[in-house]
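Next up, some structures in structure tokens.
Two complexes follow with chain A in common, the first pairing it with chain B and the second with chain C.
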Partner chain A sequence: MKGPAFFSRFARNRGALLGAMVILLVALAGVLAPLLFPTDPLRIVAQPELWPGEDPALPLGTDSLGRDILAMIVHGARATLLIGLFASAVATLIGVSVGATAGYFGGWLDEGLMRGAELFQTIPNLIFVLTIVVILGSTLGHIVIAIGIVSWTPIARLTRAEFLALRDREFVQACRTMGMGHGRIILGEILPNALPPVIVLSSLVVAGAILFESAVSFLGLGDPNVASWGRLVGDGRQLIRSSWYISAIPGVAIMVTVLCLNLIGDGLNDALNPKLRDR
Partner chain B sequence: MAGRIGPSSRRASALRLLRRRLVQAVPLVLGVVVINFVLIHLAPGSFLDLMTAENQVSDPATVELLRKTYGMDDPLWLQLVKYIWALVHFDFGFSYRQNMPVIDAIRINLPATLLLMISSIALAFAVGVAAGVVASIKVRTGWDTLVSVLAMFFFAAPSFWLGIMMIVLFAVKLGWMPVGGMETIGGAGGGVGGGLGGILDIARHLVLPTLALGLFYAAIYARVMRSSMLEVAQSDFVRTARAKGLSRRRVTVHHVLRNALLPVVTILGVQMGTVLAGSVVIESVFSWPGIGSLLFDSVSSRNYPVVLGILVLGSLVVIVANAAVDLVYMWLDPRIEVR
Partner chain C sequence: MDEALAPVLEVRDLRTTLFTRGGELKAVDGLSLAVGKGETVALVGESGCGKSLSALSIMRLLPDPPARIMGGEVRLGGRDLVRLSEAAMLDIRGRQIGMIFQDPLSSLNPVATVERQIAEMLMAHDALGRHQARARARELLEQVGMPDAARRLDAYPHQLSGGMCQRVMIAIAIACGPPVLIADEPTTALDVTVQAQVLALLKRLQAERGMAMIFITHDLGVVAETADRVVVMYAGRKVEEAGVDDLFERPLHPYTAGLIGATPVPGAERAKRLADIPGTVPPLNALPTGCAFAERCPLVMDRCRREKPALTTPAAGRLVACFAAERDAR
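Let's look at the complex of A and B:
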């Protein structure tokens, strides 16, 4: 598909455009966090439990220890988005590898790999993530890998279906006749054609991964050195009787981000699969 | 062949399906066990180290005895074989923290989790299907927009956060609902054993957790149901039904609705594991006495036999739920022989 056509289709979806703009802002906040709030966001700056608006210098108030909530939200944006992106990348890498192999070669390999996918779908996902994180240790890397491990199966199924549809098409047969190796056919010929729907799904996996990470952090099993949004919700939990805003604000941040990522996914879907637009 | 002639052949194919599911479950459960067993042995520091540290056992002879009891001196593969052999006999090992067999510790906590799961799925299904039907009948009207806006909201809201916000509003501010737990402590109810009052008490405690967990899935089902209704409404057999002169209402209920439910039932089956995992988080928010609390205790104390047991039994719950979903699927669409 040509670039301009793609962009104009994407832009026609107002929700997707709005989502993209908000995510851009969140990403910008994450990137610029060290400039906007150069000091450690976990530093105590004022008296604890200052409500939003009470002090103009601290527009979102302070938490139970007197830390600036706005600073923590902005710094948390970086962690949250990076975790989502990397976890989705891990899931896409596993899912595309498994799906492509299964769809291209078929036979017992297909059968075995899909049984494996079923296995990973059977294990209750978050319980598995918690187990992995607790066993291997709560570091960002382990959390990212664990989320990737439980999120790859839909991508594998979709990639497999695309490969099944494409593997016997004329252009692939032509490549075979030319004596091209399996690796080159899979990576160079079929994969580029199979990718558009996979990209849509990957963008949705980013949103799912952010929700996963927030749940892990909320339960207190996140990386102790990272103040992600989920952890902020969990930190404020003890004070919901007096200062419920401490939990509410980071939750809104998670929700808006996930919502906008979903809107982007919808927009990508419309732009890449125009046939499905009116569903 | 699918039996679509009489009830007896339908029952036969349902039995055949169940048998096939049972056979397929064996390698699945085996796979789950192997994955988790390997994972747990990747851990730095064994549960034996932790156990001895916690109970301040330093006598080498005692440690050696414990190692023997737990089979720690066997090679890994032999430990695995022994573990599987024990599982076949429903022996999940012994939990030193609860001081009871693992299977008993799980059995005590499982009903509360199952109750939360079932009520959440029921809510999600009822609300989601109803909302999807309304949106598709009133497509491109205010109702349609309302449903899709609400669906987007609940699809993006983290369940634990939604739970906390509902506690703030309905329990702390308005005082309509209990803050958490499963029954009123010291209340007259006395739980399930307390007759109607006890059941009502539990039901009251169940409302907020069910909403927090179920609304996310309701959002998914509403979206799928809407697009599925719209798609089925355009198919040939619906046009035929309309052409026959059937009323719009009859066509929608008997022809469109029934067929449009199929994709919803499919994702319901796929998501069973997610619902179970999600209930663990919600249990933590509402102090619901289910598998979640047991899991946290076991995970933080490295009580691996219990963790393994929860993962294996959790997967079993998913497999059983999937078989149930397949039966529903078959009932909805007799043409389909579920693979």
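Let's look at the complex of A and C:
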């Protein structure tokens, strides 16, 4: 997994390279948003429902209240990406902890944890997210936690499978003969071996989390103080017959971002999967 | 065994049972052995006779279920390992007993450098800093004769040859200076020339540090080269124990004789077919009431099928469990 070799394998997948560049651009836009559009993006700047191209100063037009869509998209990039990353981090943390414990110790602990995971899987994800958000309240943090709570099960299953395969390997046995404790073996020896597929899955969970957040915001349960892309789509839905671009522009932004995240996941898989390494 | 020296590690009547669907299997049935300082005891037998299981029982590393130690003692430094808590065993493993395995490449973590793996071991037992650990790792690699030790510190296992991996494993096993080393078929997976190097290395380290060594193998050539005493196991039981010269000169148990007969001798006539022992080790769930070796034994008597022979002492320093050998000794 050394630097240059890793990047050359990643870059061999053209789609992944393209995806990475687009995501980098989106991230850059998010970071530089306060510089590019220093004023509040939710401020009214022109007459409402200005179509894209009508006013050269407002290349993507204005929404139903006369706010600059480009400014909202750029500011929304930050919120949307952060939600995706943090929700995926929460899901990965829960998933890896549960999966590693279940896979390593096995027995009744494994049974218990996996039945618990199945319980989570039987509840429809979106309804589960909405329930948690409604109970906890619509803040950005709660939405991130809610998405993390519904997204950890596949990561837990994958981590468990990896640990099951690795825990009986000879080098783990060798570590036991050296007098290493369970914690040291799990974190220091098995986890680094189990991580590559988990990283790939986590990158896909980022994409899934963005879609979840968009859905929550579209339904009007998003954080009212944050202009995420999902909320922009939701805001435009009353005018979908006359000014469809108000919903379509953030929608396209979501689609492109999620697609690119999936491409990156593919590329990571190529780069991290030892079986594909010599292709 | 030198009577003046108390053994470093003494196993008394160790019994390990596997609880499986097929019933309770007595995988190790009353094994006793003792190793003194600087002494090498070879544990010999066919696959499935309980050699490795004995070693793992001593280390208390068998998964429970299905395996459980049902009785016996493992005495080391005045303590009985069978009765120690798991936490106390963590400190015994590595610091008091080192272990090396058959396949060196798969015994090393594929995603960690040589340095990290040696350092992990050091830091698991001693409070060492990164720099100290690295310096110590380099010293250890030099001690096990790793060529270009400083550069190999940053190598991954797949970049090393089998022999070099085994040297790394040995370096890890001796890192905390254990008085006892268990070597489980340490040369089986290696080329013959590398085998000789690794054996020489183990002997040198043993002489330098006065380690007691339990050497598990099925290769009698290796036994002749390394061991002081030999314990022959069959179907979980010790069937013969003797000094290495006595054993090769005059094996008492027909199974030992068979093993020696099945070893090719350089210079012997090619035309003579290598003697083999007919049949296979009986499965542990279908052991006969009498001697487990009876079905394959050339000297089998009626009595062998009825009773299990107990260990007897036909001569000083020798033990054997065989009615035919008893009869001959009389």
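Rule of thumb we're sticking to: the second predicted complex is superposed on the first by the 274 of 279 C-alpha atoms of A that agree within 3 Å, B and C clash if a C-alpha of one lies under 4 Å from a C-alpha of the other, contacts with A are read in each partner's own complex, and residues count from 1 in each chain.
As a working rule, contacts are C-beta pairs under 8 Å (C-beta built on N, C-alpha and C of every residue); 3 or more make two chains touch, one makes a residue touch a chain.
No experiment lies behind these values; they were computed from the predicted model shown.
In this superposed model built on chain A, chain B and chain C occupy separate space and fit side by side.
Once the two complexes are overlaid on the shared chain, A:E118 sits against chain B while remaining clear of chain C. In the superposed pair of complexes, A:V233 makes contact with chain B only, with no contact to chain C.
In the superposed pair of complexes, A:L28 makes contact with neither chain B nor chain C. In the superposition on chain A, A:I254 makes contact with chain B only, not with chain C. When the two complexes are overlaid on their common chain A, residue A:R169 makes contact with chain C while staying clear of chain B. Set side by side, chain B and chain C differ in how many residues of chain A they touch, and the one touching more is B. In the superposed model, A:G188 makes contact with chain C only, not with chain B. Closest C-alpha contact of chain B with chain C, superposed model: 18 Å. Residue ranges of chain A in contact with chain C, taken from their complex: 1, 169-171, 173-181, 184, 188-189, 192-193. Remark: chain A residues 115-116, 118-119, 121-128, 130-132, 134-137, 207, 211, 214-215, 218-219, 221, 230, 233, 237, 240-241, 244, 247-248, 251, 254-256, 258-259, 262-263, 279 touch chain B in the complex.
Per the touch definition, chain C reaches chain A in the complex via residues 59, 61, 89-95, 97-99, 101, 103, 106-112, 120-121, 124-125, 169, 172-173. Taken together, the chain B residues at the contact with chain A in this complex read 27-28, 31-32, 35-36, 39-40, 42-44, 152-153, 155-161, 164-165, 167-168, 172, 227, 230-231, 270, 273-274, 276-278, 280-281, 284-285, 295-296, 299-300, 302, 307, 310-311, 314-315, 318-319, 322.
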